[in-house]
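Common to both upcoming complexes is chain A, partnered first by chain B, then by chain C.
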Partner chain A sequence: MEKRKEIFPLGIPGHNLGEIEREIDNTEPPAWPINEELKEVGKRINRIDARAKVTGQAKYTSDMQLPGMLYAKFLRANVPHATIRSIDTSKAENLPGVHAVHIVRNTSEEGEASETFPGVKYVGQPLAGVAADTLDIAKEAVSLIEVNYDEKSFVIDLEDAMQPDAPLVFDAPMGAQVDGGDVGVVHEGDKGEGNLRGPSTSSFYGGPRGDVEQGFAEADVIVEQTYRTQVHTHMPLETHGVVIDWTSDEMLVYASTQNTANVRNELADYFDLPKSKVRVICDFMGGGFGAKHSAGSFGPMAATLSKKTGRPVWLMIDRKEEHLAEGNRPNSIQTLKIGARNDGTLTAIDQKSYGTAGVGLGAGVGRVAQVLYECPNFRTEQYDVLTHAGPGAAWRAPGNVQGAFGVEQAIDELAEKLSMDPLALRDKIDKSEVRRVERMRGAERFGWSQRKKAGSSQGTIKKGMGMAQSCWPRFVTLNSSVEVRVLNDGSVEIRSSVQDIGTGTKTVLAQVVAEELGLKTTDITVRIGDTLFPDGPGSGGSVVTGSITPPARNAAYEVKMKLFEQLAAKWETESGKLVARDGQILHIEDASKKIAFKEALRGMRTGQITATASRTNDYGGFQQPWGLAYGDLGSVQFAEVSVNTDTGFVKVDRIVAAHSCGRPLNIGQLESQINGGVIQGVSYALYENRVMDSSTGHFMNANAHQYKVPYSMEIPEIEIEIVEEYTASSSTDAYGIGEPANIATAVAIANAVYNAIGVRIYEIPITPARILKALNKVYE
Partner chain B sequence: MNKFSWYEAKSVEDAIEQANSTVSEEIYTPTGKASIYKSGGIDVWDMVKEGLIAPQMIVNVRNIKGLDKMSFDPDSGLSIGANVTLTEIEQSPEVSEHYTALQQAVAHAATPQLRNMSTLAGNLAQRTRCWYFRSADHPCMRKGGDRCYARSQQTGQNENHAILDNGSCVSLHASSVATALLAYEASIVYLDAKGESHEVPIEDFFVSPSQDIWRENILSPGDLITEIKVPTPSSGTRSHYVKQVARESYDWSLADVAVVAKMNGNKCEKITIALGAAAPTPVRAYRAEEALINQVINKESAKLAGETAMASARPLTMNGYKVPLFLTTISQALLEIA
Partner chain C sequence: MHSITVTVNGQAYTKEVEARLLLVHFIRDVLALTGTHIGCDTSNCGACTILINGRSVKSCTQFAVQADGKEITTVEGMAGEALHPIQEGFKEEHGLQCGFCTPGMIMRASDLLSKNPNPSEEEIRWAISGNLCRCTGYNNIVKAIKYAASKMTEEVVES
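On to the complex of A and B.
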């Protein structure tokens, strides 16, 4: 391919902004200047679907009403471990209004005794489904199904499950599908004893480094501590679910999903259909936080019921089912030992962790310890522990949120031991330039200089300040394609299967294309979330913006060049002399040659111009060829808290969140993502906790009032500092923010609580009970 | 949810007649059967949806005329009709003027939306929120089983549960409004199956599981609350209510305290202290009250009162923190009226 050289902005405006020359493919558009000089990109532009959302016109999966549609409901196991002897559905089938009943049969090779039914491994496991005229009838029918269980002993608690005589969750290599925890986790079939799997000792950043023992021998100061985090379930407003209409022609699927293309692929595989015969649509999505990448068990169930009945089937699960079976962030018990020299230089990091993702895997927590700081000697051992509980799933920065809770408290402790300011220590050991700027600007905005010595706050209500930071890889999904077409009335349409899960993907796509075509964001129609269109990335790993906006711009550029060629021929000039600006196409030298964008295509050979582009490699290449870009998505967050030492009540007063994500595309949407990440971090630090009864295996607070998430009064003042950072990586040079926004908050709060009361809390959630106990106010 | 029929009661007589002449599967009462009343429906629907009750008929009392009246008379006190909503109580100028602690308690109960729907009778007759009781999969003592899951030394998830009177079922009464009503020595007026009216002090209205595991109050199925009476506080009365929660926006209480005291100068002439979320019923802290009579309320006496109230506390495995929490809360409420 022909190449050319371009000069790109490089660095951080206001700090070290410079330029770099890169050789790029000729199909790549010219370099954009920094945001200040752009019109649509980098601005605070309203979501293009804001009106539809606030007026209730936006249709979510659960709103779908198709002619003749039936409602489906799952029967779920209410015992944690059993073999099923029989399932009697006759009463359910005879209930008027019931159209079909389907029993889940054994398809996996998990070595359970029963040949007919999968073994029951957790309360909430789906066993059968019913489709009926109404949801109430479906529910009643479910209650009429009789299951004859052969109950077995089970284990719920992580530490109990590690005992040699603990009941086994899987007695053979695991057949269970693993749904994303941390990268570098234990894999299916990995060796392990009892319920233990692992250890995992490496990630895509490599394995152990140096000699840890030697490193500790060189240390002047060592901190060693055990940190515990809870099981945290996903609580999106919209639960998991689908509406499926399987006709002889195709399977039409409305799905509440973070990944339309993957849901299509899974269903096509499952039912052995050509991918072209499965169409998945997700127009609007009510939150997923990592747990909605797959067709789950509800997809195959709804499809089967649709096939059996010849009618569309609605299957949305309810809040309790969501808690029990549709994912959680695994808990962790992490031991961390960090050594440093008197000047702060780290000499060794040794980490060991255990976590349970229930019947799933993915409880690793290692990446933060591995990459956040420079340290020549590093070792990690991460174990997954299987228990009889619902499977874990990716949860906004999987592994990192747990891992940061340990690492960033340990660094805080280290700073204190070294009599260094926590920021100064990080300036010493953190090589990231963008985080250096974030620390500087964040500290200024927060008023870090006002921070007092730990435990020195007077009175009953003690104030404290803390900070923590995080990193997140810049993942890029190369299989990210988008089509841009201009119709002959000048209207522009963007098409991709990529979905907007509420993060604002539709709007940033429109902004990027509008910028390229010299139009307004509102001029662009965005049709995404439909597998009829080119495959987009899944909304996970914060990949979307970095993966799909460059091809969107490239496709728009290609369309523009085709249009310029036609115009140039008509005007008898060179296409290189034309520009698109402010809704017009103009000749840069000849003011008489000028046409409104809307008019340009009229009377042309074809009624439309279209181009499809896919994500190209980063201009400077990747760290890993599959799409691990250079640099990271750094963040530094500051927390101010008040702790009532009489009641143990912790209030987060203020968070200052300094973040970077390459070239910011839409300031309002970025802030919205960061607000969300911070709020979930507050929630993780103080409120959310799965309560399991280990005598029955039931999840006791699987509802929306005793499983506590924050509401308006729990939400602190949130101030956001966005640091622009140019790295000349792609045609938009932009990355996501979803996950980075959530990593540092909880541990920044924990550090602030320590600063307030002078006692460290090593376990979250930080409840009144834990504070009072830490203050020695509880008589046992 | 099962199918049920619906009866729209026109009068209290009509309601009693319907409820008592039809039989519903009432909740865990070996004592008698009748159809269940529904007022605001917050708790009734929760129970139905959780599969804890499967009524064949629901008698809606929400629209009965006359049950939604509230009035205040300096001689006879405050009269609150069974169907008066928590929002109406919260916003009543008379309640704000004469019954500070009641107003505070109501304003801190549940959420604004729930308070718009919730009636006072329904609030007092709601069932416990113990998560074991609320789970159809846990046949606890209150549901005819033989164990209290929450009390288990090894596995009981009892961080919220009772620290007083917890020798039997260790659940908490769910109403935090009742705490304030107890401190005001309110009484409950109800009609029995025969239509006869009874008035009981609120303290006798609630029944401890150690007395009768089947019930949380003295109502038999089919009994209908018509009115809640709250005596007029004598002049010089001050009152205050404090609720401790894990989550401020709305939450079930971890500890709540109402105090109503008649002060003579800076001395306490008469005082009632009621504790919510301490025991399976709202309870009075009598010994603490006694300790304060003719005393000046100050830091020391308030602290001592708290300690006296907590002297008989027997925390379970996970709720030891509730003892210091009550100590603080009692002191805080007392110092507010000092």
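On to the complex of A and C.
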């Protein structure tokens, strides 16, 4: 391919902004200047789908009503471990209004003797489904199904499951889980004994390094501690589910999903259909946070019931089912030992963790210990522990939120032992330039200089300040494609299967294409979330913006160049002399040659000009060819808390969140996402906790009132500092923010609580009981 | 079955309903007004908030038969040609992400502003304390309601 050289902005405005020359493919558009000089990109632009959302016109999957549609309901196991002797569905089938009953058969022999029914491994496991005229009838029918269980002993608690004599969850090896909770750390299901799997000791950044024992021998100070985190469920306001119409030879699927392409692939695979015969649509979806990448068990069930009945089937699960069976952030028990010299230089990090994703894998603690700070000697051992509980799933920055909770408290403790300010220690050991700027700007805004010595706050309500950092890889999904079409009525359309999970993907796509074509964001029609269109990435791992906006711009550029060629022929000039700006196409030398963009489209030879572009490699190459870019998405968050030492109640008063994500595309949407990450972090630190009854195996607070999530009264003041950072990586140079926003908050709060009361809390959620216990105000 | 007559967004409907039918299901399934969402099944989340005779009510806490003879407003009834100032506030202040809680928040805000046209931040937070946003955009939701309050106050002054 022909190449050309191009100068790109590089660095951080207001700090070290410079330029770099890159050799790029000739099909790539020209370099954009920094945001200050752009018109649509980098601005606070209203969401293009806001009107649909505020008027109730937006149709979510749960809103779909198709002609002849039936409603389906799952029967779920109500014991945690059993073999099923028989299932009697005759009463359910005879209930008027019931159209079909389908029993889940044992299709997988993984970890199982071959039996008719799958082995029951957790309360809430789907066993059968009913399709009926109404949801009430379906529910009644489910209650009429009789299951004859052969119950077995079970294990719920993480530490109990680690004992050699614990009841086994799987009695054979298991493969890696596709939708496992972690990204990048290999969870080896085929090794380990009893309920233990692993250890995983490496990630895509490599394995252990140096000599950890030698490193501790060289240390002047050592911090060694055990940290514990809880199980945390996603609880999207719209539950998981689908509406499926498989009444013709093509399966039509409306799914509440953050990955339309993957749902299509799973269903095509499950039913042995060509991908072209499965169409998945997700126009609006009510939250996912990592748990909605898969067709789950509801996809195959609804498809089967639709096939059996010859009718469309609605299958949305309810709030309780959502908690029981559709994902959670696994818990962890982590031991961490960190050694340092007197000047702060780290000499060794040794990490060991155990966590349970229930019947799933992916309960590791990520890569924060491995990569956040320079340290020549490093070792991690991350074990998965199987228990009789619902499977985990990716949850914003899987693994890394748990890992950061240990690492960033240990670094705080280390700073104190070294008599260093926590920021000064990080200046010494953190090589990231963008985090250095985030620490500076964030500390200034937060008023870090007002921070007092730990435990020195007077009175009943003690104030404290803390901070913590995070890192997240710049992942790119190379299988990301977009079609841009201009039509001869003057309209412009973007098409991709990528979905908008709520973060504003539709709007940033429109902004990028509008900027390229010299139009307004509101001029662009965005049709996404439909597998009829080219494959887009899943909305996970903060990959979307970095993966899909460069091909969107490139496709728009290609369309524009085709249009320019037609126009140049008409004007008898060269297409290279034309530019599109402010809604017009202009000749750069001849002021008489200009035409409104929409007018130019009306003069096209064909009804449309279209181009499809796919994500190209980063201009400077990748760290890993599958799409691991150089650099990382760093954040620094600061927390101020009040701790009532009589009641134990903790209130987060203020968070300052300093973040970078390459070139920011939409400031309003970015702030919304950071607010969300921060508040979910507050909630993880203080409130949310899955409570399991280890004597029955039941999830005791599987609802919206006892599973405590934050409401409007529990929200801190949040100030956001966005640091623009140009890396000359792609035609938009933009990345996502979903995961980074959520990693550092809980541990920044834990550090602030320590600063307030002078006693460290090593376990979340930081409940009043834990505070009072730490203050020796309760007696056991 | 029971015959009920309900006025929804200015239009009168007479329908035969089962006694056990919840009002939220009547609105969504019978009238096909799906802007009123269901988020929790236990009347905690407020996604199904509507107005009954001008007062905000979580529509999963009532049966359809209880609405007989009443006037209901759902989110679909808020906008005329232009957006209602509350809707405009959510758009202008980025008071939404996934948008699933938004209709309930808007209806709750409508009730608040009809009684208290110039609420403090604290009063707004209390007013929406029964409405759950899991994308957790509360700070911008508060700004959106403030935006609406000042816009509606201006409109009153002008007229």
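Basically, the second predicted complex is superposed on the first by the 763 of 780 C-alpha atoms of A that agree within 3 Å, B and C clash if a C-alpha of one lies under 4 Å from a C-alpha of the other, contacts with A are read in each partner's own complex, and residues count from 1 in each chain.
The criterion applied here is as follows: contacts are C-beta pairs under 8 Å (C-beta built on N, C-alpha and C of every residue); 3 or more make two chains touch, one makes a residue touch a chain.
Bear in mind that the values here come from a model prediction, so they are computed numbers and not experimental data.
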Using the superposition on chain A, decide if chain B and chain C clash or fit.
fit
Per the contact definition in the header, classify A:G286: touching chain B only (first), chain C only (second), both, or neither.
second
Of the two partner chains, chain B (first) and chain C (second), which one does A:L772 touch, if any: first, second, both, or neither?
first
Which partner does A:D136 reach: the first (chain B), the second (chain C), both, or neither?
both
Does chain C touch more residues of chain A than chain B does, or is it the other way round?
C
One more residue to check, A:I429. First (chain B), second (chain C), both or neither?
neither
Quick one: is A:A50 in contact with chain B, with chain C, with both, or with neither? Answer first, second, both or neither.
second
First, second, both or neither for A:Q65, with chain B first and chain C second:
second
Counting only touches as set out at the top, which of chain B and chain C does A:F649 meet: first, second, both, neither?
first
Of the partners chain B and chain C, which touch A:Y711 in the superposed model: first, second, both, neither?
both
With the two structures laid over each other on chain A, which partner does A:M700 touch: chain B (first), chain C (second), both, or neither?
first
Minimum Cα separation, chain B versus chain C, post-superposition (Å)?
5
The shared contact residues of chain A with chain B and chain C are 136, 705, 710-713
Touching residues of chain A toward chain B in the complex: what are they?
78, 123, 136, 139-140, 143, 646-649, 651, 687, 691-696, 698, 700-701, 705-706, 708, 710-714, 767-769, 772-773, 777-780
In the complex, chain C touches chain A at residues 20, 28-29, 32-42, 44-45, 47, 74-76, 78-79, 83, 87-88, 90-92, 94, 96-103, 106, 124-126, 128-142
Contact set on chain A toward chain C in their complex:
44, 46-47, 49-60, 62-63, 65, 136, 235-238, 284-287, 289, 318-320, 501-504, 668-669, 671-673, 675-676, 679-680, 683, 703-705, 709-713, 715, 717-718
Interface residues, chain B side, partner chain A - complex
1-3, 51, 129, 131-132, 135, 137-138, 149, 152, 154-155, 157, 159, 244, 246-252, 254, 315, 318-321, 323-325, 328-329, 332
